[in-house]
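The first chain written gets the first letter, and so on, giving A, B, C, D, E and F; residue counts start at 1 in each chain.
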């Protein structure tokens, strides 16, 4: 039985066409995103059964968001329709040396009012073997944090494997009585697998003066002994259209490193980390560690070629890239 | 000196392309709207000097909204940039017997936090001879209601002519301590010109059992003796693409009626009432009453042929339509 | 238990933008269609549980077609992926007095090779209370005819209600040994509900010299005593953009007639008959006869306002139209 | 031998998308037009061999214009590439009661510098049995007028049938020493067939106080005894989207009248007169008079459903409309 | 006399917009392609007179395909209209490390039923000095192979120069009794000029263990002594957007090599080989060998910057690139 | 007081979509441009008050051009509406090794008829501290040259700082009695700041055999002692999508050099020099020399990422790039 469950907010993304700036557009392209949904779709494409827990507003925008997830074949038996607004974000894609820009408009969303008893946890976790959370959910509202902690606790009590992605976002965690350090500590303490980064670790856990991914992994396992695997992605940004991308995986017995990919010209970089996470979760259940790391790195490399937040690539396409065919040759 | 001032919220409109439904779109077309801005742009196109009082968020969406108004040549010397979100509305255009749909997402907008002392009223009303308000502004928030009442009071004290548009919206007036009856009564009591309708008069002023526009006008002038002119538009909806449109003007000495226009196939009906209002304000300062009514009716008839909320027609075009050229013949 | 099952081919529709002709386009808009899928989606939108039986090619076009159906929430647990090509049709929309044009390119499609044992009929018909077929399926290939007859026979044997739509298409039934008269006779003999037309009845059953829908109904019930309900739609084409639309329902005790709708300007007329059928199936299970007829007529009237083959309207929207609100007024 | 030759300017048309106004567009749609080219393409589609005489600038815009004509299968063996600019016109399509607008930008075009000796007249008129001119050509420049007169004179000398379309355009004839009355008189004196209108006849020939098409025809044949056939189209403009359209043909023995078409919603009305002319020329060579008139009226009725200046309809489509199928029914 | 004739299938290409995947598109962009048509258009643009032999279906898609070729000025006097379907191919463009994908849907096309006596070979080869075939044509159907062999035989008998492009496609040659080795051997035996590659030579002629282009050329000339010139293109694929491109030409007296071009970011790589071939045929008739090779390499380098299968570049543009101006500087 | 005034022509730019060629497009994208307007908009975005002097035609194209400038917040109190045509230019963007192409169509524009007394110079130069001219204006017509010289003379007499950009364009200066050497000499003699290049200096001032920017600066200051600052930009074109860009500034005390930027993949290179100039004018009034040069170089580097001729970047964005963040990282 392999069912991956996650909880999170689904956002409508409104993005500028081509290289146009916000002040130049007469149209926004519409896609949907959200870290946890991105993870689930990635994993669904590789063959996992998935279930998404979320709250959508009772209007046609909520319905459209749901339809889009359904199109992607994610399990949607526990979506709650309540509230008035869908969280939004506006995206202006960068180009050359001009940075991309995101304007969030997600406050007071339907999801931010989420309550633990809106979900039937026993039903949800039946046949589930993996629960994934991201640091974005507890950063949305006190209620979202409460439900996220509740979900992790219930999953833990049922012996379900738990992964998390720190995903620090400075512009979130703005709600009254937000306590990122305490909240995140509780979440990570119960987790088995973590996607981390040095900046987030500094912000959340006061882990400072880190010189390498190896050091970071050690500091994390010291603080959180439950962590079996720690993954860290490395992005070098030459300009907005050209990045280098690789990742490391700490497995307890040491730090494994992936190949570095030279990625240009970038199509859409949003969701690369989530693609990595979704592929990591798949890989840890199907491959040994080095192949898992290679698989997750290749999957997220491919995400840069896909329009939208969701990573629409198959397992076969990722495996071909790992096996060395990065030529982009036409398949007839 | 002819300067028309108004206060209101500017909204970004995100509309579905062609006849597509919300559940079918991958793009939203972006235009800007808002009743008071619509009135000002209409009047600006006819040659009035105008000034728009509003609050826009300190981000690129607020800036884009401002640029669009500037493109339309409205006076913008008193726009306040403060706050985080631009009010939005989503539009699905109707077709044949299928109704159009609007989803508002304007709560907690930058404008809703407006304060009276954000504006330099003496500077604003210098050389101003007309102030216009609409019933949408006091319906947004307790603060917006307060500033609207303040503006009317100051304008009145300076002997400036005041017009209002009742614009009843059931989905607004949702804020704590909202008192539509009292607020609207205070606004109309200080006004000289009003755009009214029987449903709104029932909601706001308990004027009931009205059989005709003549009766409605009499009931209103009885209740609000300051009203010199009362205008009422008449829309008959055969289907979503085909309407009949006319208007009446009560002038104290009686009720004048316009020609009825047969309007099909409708391009965009949003903002027709505002176009009428803007043309009425212009007309009352330049034409005698019947011509004013004819001008306002023709201007708003033409609005149905214009994409977006703003009425991009010139005085010459309206006058040609009044003078009988509704043939739509190509001008070479 | 209400589960509606149908069997049929899913087609990719490639249509010209706006009013452009085939010889003018540089783009084709892509939607999916097919009479039986259209029926199921209509019924799904009204709340029925549905299951679609079909065959799709093992490539990305087949996958995209499946995703689109999934987006529409149709049950898809029995889709067979086998074969090489997806059936296509090209559409040039008519305008004014210029007729629309369809070019079919569906020969040798994946579906045309369908075999009875590709489906688990017992599983499919578990909890099913209604099976629907259309005259298009047996017209595709000898194999499709065989599977269609098989499905009807199995459903009949399980006491499932059976409906059919004659859907005569002269450009189909081209395969070797095609025997439309015999095949259609067998199908209708086992059916309870039929959507018929005089031209099709002439072609399939030699029912000639029919002067009225009443006569046609009588002739059909005489020939096919199992038929409990016979529906007939009436379309008067003033030009390509303006039709009149109504329907009749023969119930055994007499002929009921719907209101006639005046439909202009038409957005997309394809799939109107299928919308009628889907709504009829829903109505016969939830309403009395006159309301069922009114519901089906209104649902199919609304289809003319929807882009694509699928009728994306809700039960509430159809009921509002029946109850007299055909004004197309904006819902805020 | 049936070869139709005409001389004229090819223009690039830059038109606003949908119902947008000039002040709203960020794109112009590009098609090509010009009265004489329109006539030739219409006739080519019906099966005539045609040859277009024109001058195009030596740049990629001239080349693109040529390619577009070539796509339409017009004979192009005598196009002269010389000069710097392609004539342009900008089109804002009208809607409802709002008039369409055309801005011409064709002064100093490559064509306006045309010289008689740029064409090999003997080669051109070999196997030619019909020459057509329009009143636009002599209105462009003194050189264009000279070449037009030359062409008519040479054609006449070779016994070729000559037709003309008065096509009065007040914004042309602006060149130094323009003499519309004398020029047009010379052209019509040598013509056999004329498309005329009362306003143009007043402007060009001082034919005044005309009450009917019959009177107009008589006045013209009196003044120009060479005229064998005179056609007059009748357009009643209800609004910019809804016209009535019919035509009359004076044949010497009397005035024939066509059916009147009710045309809505109009797709593109530009080029309707030219479509009539092209179909008239075809008809006069293949049908008797009443059928010719019916054919030309139906062909030009259909033009209103075609995007662009060129009438992309076949002889079969026109004949179907004459024979009564104006239902716009989909052809499968 | 320079007339280049070729025989082949014209395909409609339906491609995804931008970097979208098949599962993401709502539109397909339409262009036309086919190896032999690509060769002819390239050569036409450089100034050769060309004639294309093909079969198109008797519908509007066939007509549109023809119009597009006509727009490109290819000779089309021998096109046969017969049959029902136009061959199609669907293209998803690759990006970064994600491979492009092509789905062919060309079985049972109008062209696949071609017969030798559908063409008037004597008329076709009058004034013709060069016939070109590609390995795609005999791979389509037994009839296409037969006609291709017939054409080569007739051309040979008339002393016409013959060139071929091996163009191995594994997904073709699927028809009953296909014999690629024998068929291709017969074709090459009668040819003077060949575009070859090591993989194709292995597949068709069992030429194995080739280490260099020089070796390959020698092996080919040994097996096919009639070959005067053998060209081989070299493509190094760094990723889907960045290739290196060069070519070699074996002339009997040795192997000439071109400059290597660094090509990024690629616009459209389809048709590059055909562009090379078309330029090679032109060059061999106008330049000495090294310049011919340089010309063909530069022409095909430029193809990567052109949208669609056809190479829309002029001789002047190619010569400028050879002469060193690859700066892409704007020409004013 | 900081007001920057400039005089010049505003052009409508009609450009091909994506990488399409002129012969492939069915649409032109519309933006506005012109060297002097580009300079003013750049400076306006950084915070300068600006005033644009120009002549626009009395039609909707002139009005649209004005609206676009107004959107960009440039001062427009002295625009003259007179004449018939707006200058146009058509742009085909280059790609890879294929050069971009511009077709100018600006002869006989409204601006070319400009007269000195159409402007109220005293009012214009009130509170102005900087006047900028470019070599394009005197190259348009004898009248434009006259007005440009007049403006410089008046500005000089009022002690206003004067800058110029040589902007040599070989395809201009075509009018009768054009005397580029004399005209440009007079303009530069009165200027304080100059943007120059060696090719233009050779053409205008016979400054030849220049080996370095240092030599060029010395030659210029020798000839024009009034010049305080001379700027020279350096563009290395690897291909149409990849350039290197830097600049030098001669300050009297020596030559300063900027960083070199590696720019790929280029979005739109038009207007880069003008962006440099606008930023230079801003910088010379706010920064010391090296920072001014860095600011201008970074501002113009960013222009390559902006669609259209106008540089829509803020001071903050330029400063971030100078300070080393060229990563193009998304700003959330």
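Just a few scattered comments:
FYI, a contact is a pair of C-beta atoms (placed from the backbone, for glycine too) under 8 Å apart; a residue touches a chain by one contact, two chains touch by 3 or more.
The shown structure was predicted, so the numbers you read here are calculated from the model rather than taken from an experiment.
Touching chain A and chain F at once are the following chains: B, E.
A repeat of the D-F interface exists among A-F, A-E or C-E; more than half of the contact pairs are identical by residue number at C-E.
The chain pair with more C-beta contacts between its two chains, of A-C and B-C, is B-C. Chain D and chain E, compared by their mean Cα positions, are separated by 42 Å. Chain B and chain D have centres, each the mean of its CA atoms, that are 46 Å apart. Residues of chain C in contact with at least two other chains: 21, 23, 26, 67, 101, 265. Screening every pair of chains for touch gives A-B, A-C, A-E, A-F, B-C, B-D, B-F, C-D, C-E, D-E, D-F, E-F.
Residue ranges on chain B touching chain A, taken from their complex, read 14, 21-23, 25-31, 59-61, 63-64, 67, 84-85, 88, 90, 92, 101, 103, 105, 107-108.
Remark: chain A residues 18-21, 23-24, 94-102, 104, 169-171, 237-242, 265, 269-270 touch chain F in the complex.
Interface residues of chain F, counted against chain A in their complex, comprise 261, 263-268, 301-302, 304-308, 312-313, 317, 320-321, 325-332. In the complex of the two chains, the chain B residues touching chain F come out as 67-68, 70-73.
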